[in-house]
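Dropping the structure in here first, questions after.
Naming follows writing order (A, B, C, D and E), and every chain is counted from residue 1.
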Amino acid sequence: MSTPLIELKNIEKHFGSVIALNGVSISVYPGECHCLLGDNGAGKSTFIKTMAGVHQPTRGEIFMDGQQVVFNTARDAIEAGIATVYQDLAMIPLMSVTRNFWMGREPLRSVGPLKFIDFEMANRVTMEEMDRMGIHLREPSQAVGTLSGGERQTVAIARSVYFGAKILILDEPTSALGVRQTSNVLATIDKVRKKGIGVVFISHNVRHALAVGDRFTVLNRGQTLGTAKRGEIEAEELQDMMAGGKELAQLEGSLGGTV
Amino acid sequence: MSEAETKAEPPQEEAHDERIREISPLRKALIRPELGSICGVILVFVFFFLIARDSGMFSPEGVINWTVVSAQFAIIAVGACLLMIAGEFDLSVGSMIGFSGIVIALLSVTYGLPMWVAIIAAFLIAMGIGWLNGFLVIRTGLPSFIVTLAFLYILRGLTIFLAILTTNKTIIGGVRDAAEGDWLASLFGGKILTGFFKWMGDNGWIQTFVAGNRAGDPVVDGIPMLIVWAVALIIFGHVLLTRTRFGNWIFASGGDAQAARYSGVPVNRVKILMFMFTAFCATVFATCQVMEFGSAAADRGLLKEFEAIISVVIGGALLTGGYGSVIGAALGALIFGVVQQGLFFAGVESSLFRVFLGVILLLAVILNTYIRRSITGER
Amino acid sequence: EGERIILISHAPDSDSWWNTIKNGLALAGEHVNADVEYRNPPTGDIADMARIIEQAAASNPDGIITTLADPDVLNGPIQNAVAKGIPVIIINSGTPEQAAEVGALMYVGQPEYDAGLAAGMRAKRDGIGSFLCVNHVVSNPVVGERCRGFADGLGVELGDSMIDSGQDPAEIKNRVKAYLSANPNTEAVLTLGPTSADPTIEALKENGMAGQIYFGTFDLGTEIVKGIKDGTIQWGIDQQPFLQAYLPVVVLANYNRFGVLPGNNINSGPGFVTKDALSKVEEHAGEYR
Amino acid sequence: MSEAETKAEPPQEEAHDERIREISPLRKALIRPELGSICGVILVFVFFFLIARDSGMFSPEGVINWTVVSAQFAIIAVGACLLMIAGEFDLSVGSMIGFSGIVIALLSVTYGLPMWVAIIAAFLIAMGIGWLNGFLVIRTGLPSFIVTLAFLYILRGLTIFLAILTTNKTIIGGVRDAAEGDWLASLFGGKILTGFFKWMGDNGWIQTFVAGNRAGDPVVDGIPMLIVWAVALIIFGHVLLTRTRFGNWIFASGGDAQAARYSGVPVNRVKILMFMFTAFCATVFATCQVMEFGSAAADRGLLKEFEAIISVVIGGALLTGGYGSVIGAALGALIFGVVQQGLFFAGVESSLFRVFLGVILLLAVILNTYIRRSITGER
Amino acid sequence: MSTPLIELKNIEKHFGSVIALNGVSISVYPGECHCLLGDNGAGKSTFIKTMAGVHQPTRGEIFMDGQQVVFNTARDAIEAGIATVYQDLAMIPLMSVTRNFWMGREPLRSVGPLKFIDFEMANRVTMEEMDRMGIHLREPSQAVGTLSGGERQTVAIARSVYFGAKILILDEPTSALGVRQTSNVLATIDKVRKKGIGVVFISHNVRHALAVGDRFTVLNRGQTLGTAKRGEIEAEELQDMMAGGKELAQLEGSLGGTV
């Protein structure tokens, strides 16, 4: 295989007395969907926030295309091509779709020495990109607060894709979604992957992960339990690993099959 | 696999949900943050036109009178507005006005520095305090209400203390003489378009003085720099907020600081800069006042922080940040100024002024809330 | 008949002493049959007061009565009003010279510093060498002049003698007690108006100094009059605010009607009110005195 | 199926997570909302003991002196504290104090009603206004900052207007004479334990006056009713908050109104009652003041709302509601009172008082924030 | 079958111009777990809030044990024995576990004419009940904010069970939970059901629903699509109904099986 798009080695992250990550390594290749699984509090969100420059790792190294990089702010990571759709949505309800879409990377138009936002272009692109994702907005100045949860998620994904992200990180995008909305998100991931973008997908739902994942890494209490390729592992195995290797047979027996 | 269709369908249905009535285009065009204040301005003018028409309120001097008062409110309202949209607010504006004025007067009159040095020093000190306000809010995570309340007391105390310590008085006069011929001072004091008004006066289009040392001059002899500053700040604030990248960051920082941070917006920098801008506006206010009146006093600016906040809120901004308009705040300031001076023109018992103010504030905010809910679909 | 005369003060809404002025104004309006209006900056900000003078001038009244609390700030607007042909009379604060400078018809009142100085000299004659000045509006530049004058009259440094007492009566009372307890050698107390005088009377009654310590005050009020009567207060300086409002209205009305004008300024104070002849004062204190 | 074991295991592990260090029991015992203010009280006393020991600050009269001032702050702080914990706050407290005082004086002196009728009427009117405040906040969903700011202006305006309209004065005196022998008035004015202090004085245990109009009396002749009210309100507030069902509802309403509503807590009722209680406390303050000084003035209570809020915040309450302590607020009021009076005893330039106050506020709040984060594990 | 514990008939609920519910009827029998399924915005949360007295229905009737009832406030419903664990958790983070546990139904102790909260008893019962659910608290005065999401959910369920709820409503309790935490919640539901309590369980996850459900009702755009018994219906069928009967085959084909 080629060099990975991004490689994180032995990442540790401490919050005061809490050790959230204790040496986690993963790598993401172009066009691959890498699933990150694990229990509540395993450190998944903390890990991808480190990848996205929101947190700085206490120890550990990050390589992009083989070069070591350091992200001091979310901006650094965004500029390096890492786009993130957070669990807590990172959309601002009172602002318009356009303003949210371009937040942090507003397109500029020079008028003499001054630089203004190029709203005409911004609005046009927003409408187009949302259309492309299958969302028809009434108008680009509509407040994000008036969109449904699924639609908001799509704005966030569309934005990332548009900005030519090399890596798209999705933190539990499906947890609050209905069946149809979930299918849409999974299909979007599939589409994005086919463009050669590396996707990091976090989920609690083994089936969602298996539906789109190429590789699966399971985190447990801040450590990696291992990485497996698609086809190398069964749903049941993954599930057991996520639950910390505990025997769930009893429960499953009484409750009828994998949950 | 035909993804396009599969995905194109469901959201379309959501957008045209049969369970939701459409909003009429007219209503949609009307619902803007400024709507409440536009209605307010119209109402207020109609009201005073009816009750105070022949009191001189709409003569040239009358107009200049309430315009100047409104411009004063507007200068501090612009700062407060941007800060409020960025999600914070500043109760130390009033104390800052008194403080900056005393600093200018102390440096120029008491210590004899050139006026431009004094003015620049005052701006630097004030913006330094603005920075400190912002830094404390960001660093400690405390609500800005508390931090700036502390500075309300600290600055007022320091102002009185400094003035008494150095001059034994709480008022320092003689600033006008010290400012004579200073290049920077003339940007804050003085008037523009004096030639034009003189010409209008000579042609009898506006009244002229009949007695005294200025007999023959027009009663309105120019546009005070205060108004120029107000207009400039309003335009600057409005363009900054609605047209620039930084403006988008202001909205984002106030709307949801965490989300903005995740998207790469330098929220801390935005908030601190807005605290500094508020301090800048307060100092513009103070400098104009000191230059116009030639003296600084320790009690200047009392309760001005509330007046700034009221203007901004009447103008449709949200106290919790992320939503508002500079034009709205300016209209709020206009309403405030017109009502205040208009009640004098109308000869209303002056203690009732506050009652009116409170009632207008309540009505305006209730109207604004209704408008905002229509925009955002919030419940 | 029916002239519009506007009186503008520098006092905040809450300053009760100005009430006498309001009443004098209203009474004069009734007597000479003129329309009178009272205006003031709600927070006592003199810069706001300048706007009110400009506004008053814009409404073309037949006369303006105003204080000259800070000549730097108010000279311009007053001169403009005069230049518009509006007769102006200066009352209360300011000096006759300053009034002449702005082109006012006359001055009615008691220059603050001079009043303080006179009081200080009187106290010095009574053998006083140190004092406490209870200033309830320390940020207000006008009232503090009384303390400065008093110190100069005594011939001592003002220094720490002036305290910022705040406006809450319980706080004033306890601050006075605290100061006197920490500085037991203080020989005299000077208060600057009823707001600080009333709680100070209480304080002295409570710490047993009532009647022992030399106590003078500016401006009269119900409690002050009682204090003078029972000997707690040696004297009150009455600048007779009633006259400051009443006379200018009468003068302006007659100036307007018949062009007559007294040739002099009128000093409405300082008049020292002492225990003798208090009954009239008592009856009208706080309303017309 | 052995559910018990299956389920007993995992959470146990979570509780004893190897990734989290245990908090020491001592630290756990220390971290309470009041801790910040307890430290503050100790610091303040040590400080003044060092610099103002022989100024009479700690003699019986000195103690009564700062206790009375602290008691005043405490009375309004208790109301503000409960209201703040319930998630709202009230900027109209100061105006309410002026208003209630004038109502009592007007009814009793000007209209000659019996004093007890006047007092009861004032309480009813004030609590009615508190109800209105609460009703508007609940009904319109506006922030209480705006609604009560409007009432700050409206009430102050009404107070001055009413006083002038009816009596031509803004100070109404003669209340003491009207209160003579009234059963209810004696609950607010006067002192208790006078006999006891007299007896102590006669025995030479406390100093007596040696000269003047009160020679022979003890320098401290009783405990003012103001202090009694403060203590009673603190105890009432503390017990209500920590021991009763209603107290739990206050916490819940401020912590998360929606969640509380879902659990069956009558949030609207709780909030409105707290607005009324704040008005009640303001009226207690006003009544005690009117009875003690015998007069009511329209300018009483200026800026008291900030002082109440500062006391509460120094006492460890959270501006955003749901967290705080009445004991803490009372200690905050004590700190406030001691600092204010102590500076006078110490002979510090009095305009520096505000500077001190601001600095103490900042320090106290930063300390409190640190403590609260330790308690709740919030980041 | 006996009379249902609760029966809701033709419930309609309008919010201004939005028609959230348009005639929904369900019934719950003792010891039964009734699953409510449906897309985002189908009206599930609105429906159970109506059942819990938070919303008043615009039209429609509610019967408990055959008697018509009207709930004007959440309190009325709670007193009638309906306990609810909301999607947005209805716990107050800054308050202690005990205070949260007893919120709205604090146990009182009379001292003379005064009534105080009986903290001794409250603390004891809280510890006991949490123990019974398998959560060992450090102390009952611990703030709820320091508990994990799963632990908080357990507090809410324990509270409902303790107060002798006849009906326990759970709104998407598993959406943000890991595999192990989910198993715990499902086991708890099973346990509660066995005590004869009627459970209403909302989920987007068909597998979770099938694991514990006795009957399944699918909502779509404010209307009932029908109710099915356990065993009468297959996972795939349910899934199709939830997605509004849309053909999901295409997606499933490309994504490998049911999501």
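The working rule: a residue touches a chain if its C-beta (ideal position, glycine included) is under 8 Å from a C-beta of that chain, and two chains touch if they have at least 3 such contacts.
Note that the structure is a prediction, hence the values are computed from the model and not measured.
> Out of curiosity, which chains are bumping into both chain A and chain D?
Shared contacts of chain A and chain D: B, E.
> Taking each chain's centre as the mean of its CA atoms, which one is most distant from chain A?
C
> Return the chain whose centre of C-alpha atoms lies at maximal distance from the corresponding centre of chain B.
So the chain farthest away from chain B turns out to be E.
> From the mean C-alpha coordinate of chain B to that of chain C, what's the distance rounded to whole Å?
34
> Which integer distance in Å separates the CA centroid of chain A from that of chain B?
Once rounded, the distance between the two centres reads 42 Å.
> Hunt down the residues of chain E that sit against at least two other chains at once, touch-wise.
Answer for chain E, listing residues that touch two or more other chains: 41, 148, 150, 180-181, 183, 187, 190, 244, 246, 251, 254.
> Touching two or more other chains, which residues of chain B qualify?
Each of 6, 9-10, 14, 156, 160, 351, 353-354 in chain B touches at least two other chains.
> Among the residues of chain C, which ones contact at least 2 other chains?
Expected reply: 13, 138, 164.
> Which residues of chain A touch chain E once you look at their complex with the stated criterion?
Per the stated touch rule, the residues are 38-42, 148-150, 172, 175-183, 186-187, 190, 204-208, 210-212, 239, 242-244, 246, 248, 251, 254-259.
> Which part of chain C faces chain D closely enough to touch in the complex?
Its residues touching chain D are 12-16, 19, 22-23, 26, 138, 160, 163-165, 167-171, 174-175, 177-179, 181-183, 194-195, 198-199, 202, 205, 207-212, 221-223, 286-287.
> Within their complex, state which residues of chain E touch chain D.
Going through chain E, the ones touching chain D are 52, 54, 73-75, 78-79, 84, 86, 88-95, 99, 102-106, 108, 115-117, 119, 133-138, 143, 145-146, 148, 150-151, 154, 180-181, 183-184, 187-188, 190-191.
> Report the residues of chain B in contact with chain C in the complex, numbered from low to high.
Per the touch definition, chain B meets chain C at residues 55-57, 59, 61-62, 64-66, 68-69, 98, 156, 160, 168-171, 173-176, 207, 209-215, 217, 219, 289, 292-295, 297-303, 341, 344-345, 347, 350-351, 353-354.
> Any idea which chain B residues touch chain A in the complex?
Checking each residue of chain B against chain A gives 3-4, 6-12, 14-15, 239, 243-245, 247-249, 251-252, 255-256, 258-266, 318, 322-323, 375-378.
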